[in-house]
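Starting off with a structure, shown below.
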Amino acid sequence: SVPPGVLPLCHRPPAWGRAARQPPGLPLAPSRAFSNNKIMVELDESSGVATMKFKSPPVNSLSLDFLTEFSISLEKLENNRACRGVIITSAIPKIFSSGLDITEMCGKSTEHYTEFWRAVQEMWLRLYGSNLVTVAAVNGNSPAGGCLIALSCDYRIMVDNPKFSIGLNETKLGIVAPFWFKDTFVNVVGQRVAERSLQLGSLHPAPEALKLGLVDELVPEEKIKEKTGAVMAQWLAIPDHARQLTKSMMRKAVLDRLLAHREEDIQNFISFTSKESIQKSLRMYMEMLKKKKG
Amino acid sequence: SVPPGVLPLCHRPPAWGRAARQPPGLPLAPSRAFSNNKIMVELDESSGVATMKFKSPPVNSLSLDFLTEFSISLEKLENNRACRGVIITSAIPKIFSSGLDITEMCGKSTEHYTEFWRAVQEMWLRLYGSNLVTVAAVNGNSPAGGCLIALSCDYRIMVDNPKFSIGLNETKLGIVAPFWFKDTFVNVVGQRVAERSLQLGSLHPAPEALKLGLVDELVPEEKIKEKTGAVMAQWLAIPDHARQLTKSMMRKAVLDRLLAHREEDIQNFISFTSKESIQKSLRMYMEMLKKKKG
Amino acid sequence: SVPPGVLPLCHRPPAWGRAARQPPGLPLAPSRAFSNNKIMVELDESSGVATMKFKSPPVNSLSLDFLTEFSISLEKLENNRACRGVIITSAIPKIFSSGLDITEMCGKSTEHYTEFWRAVQEMWLRLYGSNLVTVAAVNGNSPAGGCLIALSCDYRIMVDNPKFSIGLNETKLGIVAPFWFKDTFVNVVGQRVAERSLQLGSLHPAPEALKLGLVDELVPEEKIKEKTGAVMAQWLAIPDHARQLTKSMMRKAVLDRLLAHREEDIQNFISFTSKESIQKSLRMYMEMLKKKKG
């Protein structure tokens, strides 16, 4: 099977022009934040640690543009020899990411659904299969796709605030998490916790998420940067090559499963999303969100 | 593979005559307990919640008749659009179910063993693959097949009494739980707990069962009905279709494994059960039970 | 697939000459310690419990000779009808086993690497697939291959001393635990704990090992013999045949995976070990160990 690190990106103009075509391994300017729209990427060359900070108001929803930028940014870091680890966090208060952007799934063409879903897959394949050490600093709510991003990292630190919750709550919207969301969830919390949590579409407040193993530790908000750095240093103390081979061995079966069924998964998404009943659910959900805001 | 919901029942006269041939979806009379011998079934049409109450003295053992009635009752509820969830419990004090009826496995013909084992498979395929929300209210001892029924539900509430225990204790009788009992057990408690518990044939007192994750919560006996209703309401708050697809995704691999090996599994059961050494073990065990009673 | 109990041993002169060719089932002299070099084997015929005590100074490292002796000793016990269980422990203070002997992996021929790795596989196939009840009394440090031996037993009791630790720390040496070490680890602690522990190459102090489920209980050093005996008696109370079939059912998938990929696994080991970068890491590690001692 094709290793996820060499998958072709979906054919869209990259968010920052030709930058994405930069040859692998060419280092970025030291510690320079490179320009893009929705994700701030900063690399500290002395430590080899990059930070990807989501800043797509209001709620860091995973639109096609966001996902594309995410995959390109991660690929860029992956190909940069100066980079060994990446911290994923949010620049927006109280929200890590609200998950997939529902407007991308409502009233659009089959072509659009195809492109969107491929970008969701791409994001996950790159992140779950990343050779970098990946640490999620979950500093706000993290439902659905936001939870998937956190689950795909090597380690999850969450702000110790019971108002912030995390989980795959798809069923509550009348939709179903795809099998690879489920596989990723099971690999973190085990079959039983997953079975219950996914069926109920539970959003677990931080203390409960810790108890279930959905996150690895909780820290006060003001300590999360420091703590994330310390965890990253611990993981970077391990020789990269041995750690990468071990990570790949642990995750390969689940990555291979999507790679083997990628087109079917896209077809499933399209046929499910195109159903009038699902479109109706999603529209109602968006109305509810709008009213909440208003 | 064939979805478990449409498996043909084994060819026996159904326990309440033609009732089982009722076309799918035709609603029962509102909240009427329908007559049968070993399981009392009651449907509350206002909530959509049915209760299956085992009342087969002395110990709700899973005879061929009991199993057939179970599968037919469940199929009937499954086909009744007014029904969305089922609570499984016992009407007999101190016992949930004692498991497979050993008299069905002793000194009988190959034809009988075949029919019996197919009915055991059928019961599990229907319950584990049920589209309904299934909650076990374990209000007494629950060894072997009794434990399997509880494990096959979506949620398990047990009476908080250390005198009641639950587990797959087959090895203690010199027999072996089949692979799909094992798969069901592993899906609830994980590989390690299962490996130890199944080898030792452990019956876990309620507090230990909670600790191991074999049941989800303990409640005082007088609260079990109220609590079970509350849990059911929580599960019914989720849109059925999304919950059902999610449940199927979580359980499909294990269901498919039996469906793919159903006839082999029957042959294994017959050849194992027909062994003189096993027959002797089972006869000795029955003698012991008789003496205990006397 | 070939059941592990009948695998041909690698073609080396057995450590104690023709003894290994003794026909299966011929009992040893009652409770006689039989002579060999690196492992003391004692069988108590009254209880059916053997003890394999590692006594290969300084640190019970798993050399080719040690591994061969281990496999032959275990095969001998397996074939001895008087033996139903085996306790595995160390006669050397503070160390259970330091794992694979790195000198066997440094500057040797391809033939040697092949023979060595086959012996490592053999040891695991026999132990993980053993029909005997296997209890590890971990009375000292147990890194890497030492941990694998403990993980392959049915039950692990560790001395309650935070100075003793256990884990698969391969990544810290720049090497990678093979897939079947990983599978064995996952079967004990689950996917998530394994993913983190294997990537970090963690050595868990006894109390942490207990918390993670890596060992089943901790006892004071002076109680370990008594406790191990009590646990063994509990397991021997179960009819052998039912317990063995259950154990085999639980472990078969993981055993079969190595059996199906045994030669590939040897080739992987050789090509990895032969790399100059790996040889360098291993030489540096050995230098460090020498300095530590000196």
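Just so it is clear, A, B and C label the chains in written order, and each chain counts residues from 1 on its own.
The rule we apply is simple: contacts are C-beta pairs under 8 Å (C-beta built on N, C-alpha and C of every residue); 3 or more make two chains touch, one makes a residue touch a chain.
According to UniProt, the chain labels map to these proteins: A, B, C = Enoyl-CoA delta isomerase 1, mitochondrial.
These numbers come from a predicted model, not from an experiment.
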Angular offset of chain A relative to chain B [C-alpha, multiple of 5 degrees]: 120
Type of chain A:chain C copy interface by residue overlap (half), same or different: different
Intercentroid distance (Cα basis), chain C paired with chain A, Å: 39
Touching two or more other chains - residues of chain C: 190
Residues on chain A engaged by chain B in the complex (per definition of touch): 170-177, 179, 182, 190-192, 194-196, 198-201, 281
Contacting residues of chain B [partner chain A, same complex]: 154-155, 186-190, 213, 216, 234-235, 238-239, 241-243, 245-247, 249-251
